[in-house]
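When the chains are written out, they are named A, B, C and D in that same order, and each has its own residue count from 1.
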Amino acid sequence: MKKMSIAEALREAIREEMVRDERVFCIGEDIGITGGFGGAFTVTLGLSDQFGHERILDTPISESGFIGIAIGAAMAGMRPIADFEYGDFAFCAMDQLVNNMSKLRYMSGGKVKLPMVVRVPVGATRRGAQHAQSIESYFFHVPGIKIACPSTAYDAKGLLKTAVRDDNPVMVFEHKKLYGAKGARKVEGAMDVEQEIPDEEYLIPFGKAEVKKEGKDVTIVATLRMVYESLAAAAVLEKEGISAEVIDPRTLIPFDWECVMDSVKKTGRLLIVHEDNYTGGWGAEIAASVAEKAFDYLDAPIKRVCAPDIPVPYSPPMEDFYIPSAEKIVKAIKEII
Amino acid sequence: MKKMSIAEALREAIREEMVRDERVFCIGEDIGITGGFGGAFTVTLGLSDQFGHERILDTPISESGFIGIAIGAAMAGMRPIADFEYGDFAFCAMDQLVNNMSKLRYMSGGKVKLPMVVRVPVGATRRGAQHAQSIESYFFHVPGIKIACPSTAYDAKGLLKTAVRDDNPVMVFEHKKLYGAKGARKVEGAMDVEQEIPDEEYLIPFGKAEVKKEGKDVTIVATLRMVYESLAAAAVLEKEGISAEVIDPRTLIPFDWECVMDSVKKTGRLLIVHEDNYTGGWGAEIAASVAEKAFDYLDAPIKRVCAPDIPVPYSPPMEDFYIPSAEKIVKAIKEII
Amino acid sequence: MENIPRDKLLGIYECMLRIREFENKIYYLFIDGFIPGTIHLYQGQEAVAAGVCANLRKDDVITSTHRPHGHAIAKGVPSGSLMAEIFGKSTGCCKGKGGSMHVGDIDVGMPPAIAIVAGGIPVAAGMALAFKFQKKNSVAVSFFGEGATNEGVFHETLNMASLWNLPVVYICENNLYAASTHIEKAFKITDIAKRADAYGMPGRTVDGNDAVAVYSAAKEAVEQARAGKGPSLLVCNTYRHGGHSRGDACTYRPKGEKEEWLKKDPLIIMENMLLEAKLLSADGIKAMKEKAEQEMIEASEFAKASPLPAPEQALEDLWA
Amino acid sequence: MENIPRDKLLGIYECMLRIREFENKIYYLFIDGFIPGTIHLYQGQEAVAAGVCANLRKDDVITSTHRPHGHAIAKGVPSGSLMAEIFGKSTGCCKGKGGSMHVGDIDVGMPPAIAIVAGGIPVAAGMALAFKFQKKNSVAVSFFGEGATNEGVFHETLNMASLWNLPVVYICENNLYAASTHIEKAFKITDIAKRADAYGMPGRTVDGNDAVAVYSAAKEAVEQARAGKGPSLLVCNTYRHGGHSRGDACTYRPKGEKEEWLKKDPLIIMENMLLEAKLLSADGIKAMKEKAEQEMIEASEFAKASPLPAPEQALEDLWA
């Protein structure tokens, strides 16, 4: 057992997979430069020393190009892990992600495979509108992409390893404030979520949610940093006699409908929390589907606590207002109980 | 009064606005070439004869570049109308659309304005996965973009004119099978939706839905070509004694919540239909919001009839299966009545 | 030409004939309503696909575009499964899921053609990168039109391909037009091969209607790539005889332009060469044409007779 | 230099001093915790912003990047509202909605800086296109780093700007690094200005630490654009003295590299020139420095004293 931050856990996952399978390599900007950062959030720090600059491949600033290259490499038998320094830059490669990565296998009639991982840091960290977006929902809507959203170091390692071994494209969304609370590259407001990580290898299957806290009055579904806000809210509510169940789906595609549905059948109430914008976010799908399928079990309307429909503002009071908080979660739950 | 197809109505709207306001110009691929197509669907045919090649500006194949150029031109006082030949190519310009077009005004603290229109043909027409997507939902999720979806020639003209006069970025989604049913460039399965268009100028305000057919048992919300499938379904149901109300919201952002909510309060049932993929589509937002806000009025779960979560297949039987149909709408409604 | 074995030359010529016959057939089948959607035909550009692919092995790969039939035939996709795909039949090389713009068969080194202009350019580099990792001496070749060189991803990729010395060859088919847009309306420069300079990559232009010239230039480029000496850009000047896609009357073209180019029909050039060099007799040519014709008749019979996929098969083949 | 009026030279020098003082101040204010998030400082590159913008009028416009403070000062954004923006205060030039990477003030011809690398390149062309439509003789200038020239949109835009003869000037600040990535790891070529050839656009390289050289080269480019003679690309070779952003110890740089460049500090070069040409005395320089220092002290006092926006103001300013 070793205590690890999420950045460290992701690094270990990559390291283990690269040792295990020589087809695995990393590609992205500033990920392997000697003396450099190891990616914007240190995840690949030191890996080029171990694996060389060919397998930790630094690219020019060319997102569309390097994602297309990852796609080609995957089709030809490699297993690339591509890195967007900030999720916001994924839009530069959107054509390759949506029109090629997600569709080539289908277009081929199932003949080609695209085993590739795309790592996407998300979340607002005092940098303004173009380095802050939570963009899971855009990809949640693309058929053909699996989506993982680890909130703990344990999950980060296990989910990333599973992603690398999956024969389909997987996007892993990582929250910048969860990478780690130490070191020169930590961000303002970073949370300390270090965890003991087993020495033995483990994988976490996709589509298996985790119940982070059991409860009986209301179900909260949240991912990434919102898991912690939800747990904080649940703790506050507990004191007031309201028992909230907190579920982290861990992967959005595939989604563990069974776990959420069972919980809602028990509690009769559902709240969904994400840092992505409200309108058309993935929370809408969960709300719509649960409202449809658990129609007879719901004792109150399903609510969502999400970022408002604005770009991310820079100034701290406005950014804090933008990001869903435990306080807002408590308030929303009281409205449905 | 003159009978017009949607392509003609859009062309008239552009013509009138260009005559009225010299700041308006068109930009895109193959839109103004003499002897050419007038865009992939003839909307700008002949306009370069009237306005010259500077104001109907043909570009190289450079979507990201020409959308960025439209953005700059809009900020500097022009009112561009940009054209994606097929909506699928919008992903090539996604960074400019999402990171710049929708955010620059906000980032400036409200100091700059971006009065621009982006025209986006959508819908599957036997061309396979990369020339077929309905992509409204991706932009529905971006704060700062208005969205219009005209289903008739009358609406197309009025909404496009309103879009050109709006001081915000507006994306207009147009369905390829609705442009017109005549001429060399019509697509397979094109519907004849010609309509009498008044000679006098008119505008259609954003955020005003149209009730296409009144009914009392169930509300159907649909856009673009799905309006017609919904009306066909309503006609079938009518014969079986089920009275469906069909609403075309006409704009998705802003959305006419009042109209839909009033209808649902009356009928107690809601079905949403779109050609965009099911999971995370805009229908999920409508379903989630109505389920939340009309919780006490609903007599049945809200259902959605959408394309399944796959890329668009090429072969006719599979494509037909992919596209939501009147038949599937009828079936879905029977499940909730 | 002297140094090229007769077999190779006849192979190239046969490939060109097969492409021409295939496309002619498709043209009429489309008019007759057998083919859904749209088609982008390759007549006039046969020398490029045939000349380039004559340098490739089965374990080399190509990427293609919205205009892919010629590339597919040249790379070895069987004409029957190719035609069936264009018909949308379940015997098609993509089981009817791809269509005319997405034909391909990875078993012969062709992933589905990518119809987003320039979209295949980085994918080819990626396959080349894989070959480098795998220490295979395979080569990736990417075909695209001159219009594609104005897409950003062309620029991003050629830079990386050059930087990393990837075994990839970029073949730009300059047929003067991108849809209705003449190169003069899309480029200030005229020599597209010069763009390679921006990446420190060799760039070269050849007569794209002269199959032997294409073959020889591509040979050099492919050998260079295969030997680990890096990528290059080869611009082939050519012309599409027909419209951009179905129902294009080409009214944007100046009068007489097409006629001039028809005189330079790559098939005629090749035929004359073979005849002059006495590598083939008029009878030999006739026999080869008939054979190609026969093959494509059979391909179309196969496509016609093949079953359509069941609607629900749409739900298969998304996930691995 | 002989032909440049004294006022102009002093103006450029003053601008450089102001940028240097501003950035030095920001550096310490960041360390002291006054500034949220991150900062990308401009020390070492002052000659570029100052030399280029000395050719611009108020009705000319610029686009900028993640490293925009220097451009903002040079284009005339008042230092107080600039600093307040970086503090996230409601008196900031973007009311606290933009932040360090998005400073700008359209009233002085600077829309919010765009922090997506190369994102401002087409926007500048678009503003130039507007000027052409409006028959204004204004010019748009786009600043970006050498790293940005590997983005596709650089390629797409320079091609169109050249094709349409737009009044836009492209200023590439080659400071050798894109974040931690040295140009050798991102380019096979060394002369970035050659990329302009691919678009039929004039390209030129100058010593970006020599403000007079930058000024003169930019003058030519701006005048050419203003006269309707089209765009150009000007590469300015320079160096950032500090890290890429906060907390960057620059351990990826070879030892001694920074020291070499510090000897070529653009401020020292400019000072020496002015002293040698006897356009300014040592006292004069001292006075100007003190003035700049004083201005930035006041700017920081202003920023510190300014109120933070109310949380709910986040909901304003999205829609026009």
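Definition applied: a contact is a pair of C-beta atoms (placed from the backbone, for glycine too) under 8 Å apart; a residue touches a chain by one contact, two chains touch by 3 or more.
Just so it is clear, the model here is predicted, and its values are computed rather than measured.
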item: Touching subunit A and also subunit D, the following chains; value: B, C
item: Intercentroid distance (Cα basis), subunit D paired with subunit B, Å; value: 41
item: Rounded Å distance, subunit C centre to subunit D centre (Cα mean); value: 46
item: Distance from subunit B to subunit A - Cα centre to Cα centre, in angstrom; value: 31
item: Residues of subunit D whose C-beta touches two or more other chains; value: 92, 94, 96-98, 102, 114, 116, 119, 150-153, 156, 159, 163, 185-187, 318
item: Subunit B residues counted as touching two or more neighbouring chains; value: 59-60, 62, 64-65, 88-89, 92, 95, 99, 106-107, 128-130, 143-144, 308-311, 313
item: Category of the chain touch graph - line, ring, star, complete, other; value: complete
item: Interfacial residue positions of subunit B with respect to subunit D in the complex; value: 22-23, 25, 54, 57, 59-60, 62, 64-78, 80, 95-96, 99-100, 104-115, 143-144, 167-168
item: Subunit C-facing residues of subunit B, complex; value: 29-30, 33-37, 58-65, 88-89, 92, 125-131, 184-185, 188, 308-311, 313-322
item: Residues on subunit B engaged by subunit A in the complex (per definition of touch); value: 88-89, 91-92, 94-95, 97-99, 102-103, 106-107, 128-130, 137-138, 140-144, 253, 277, 279-285, 287-289, 291-293, 295, 298, 300-304, 308-311, 313
item: Contacting residues of subunit C [partner subunit D, same complex]; value: 150-156, 159, 162-163, 185-189, 194-195, 197-201
item: Residues on subunit D engaged by subunit A in the complex (per definition of touch); value: 36-38, 88-90, 92, 94, 96-102, 114-119, 147-148, 150-152, 178-182, 185-187, 247-253, 308-315, 318
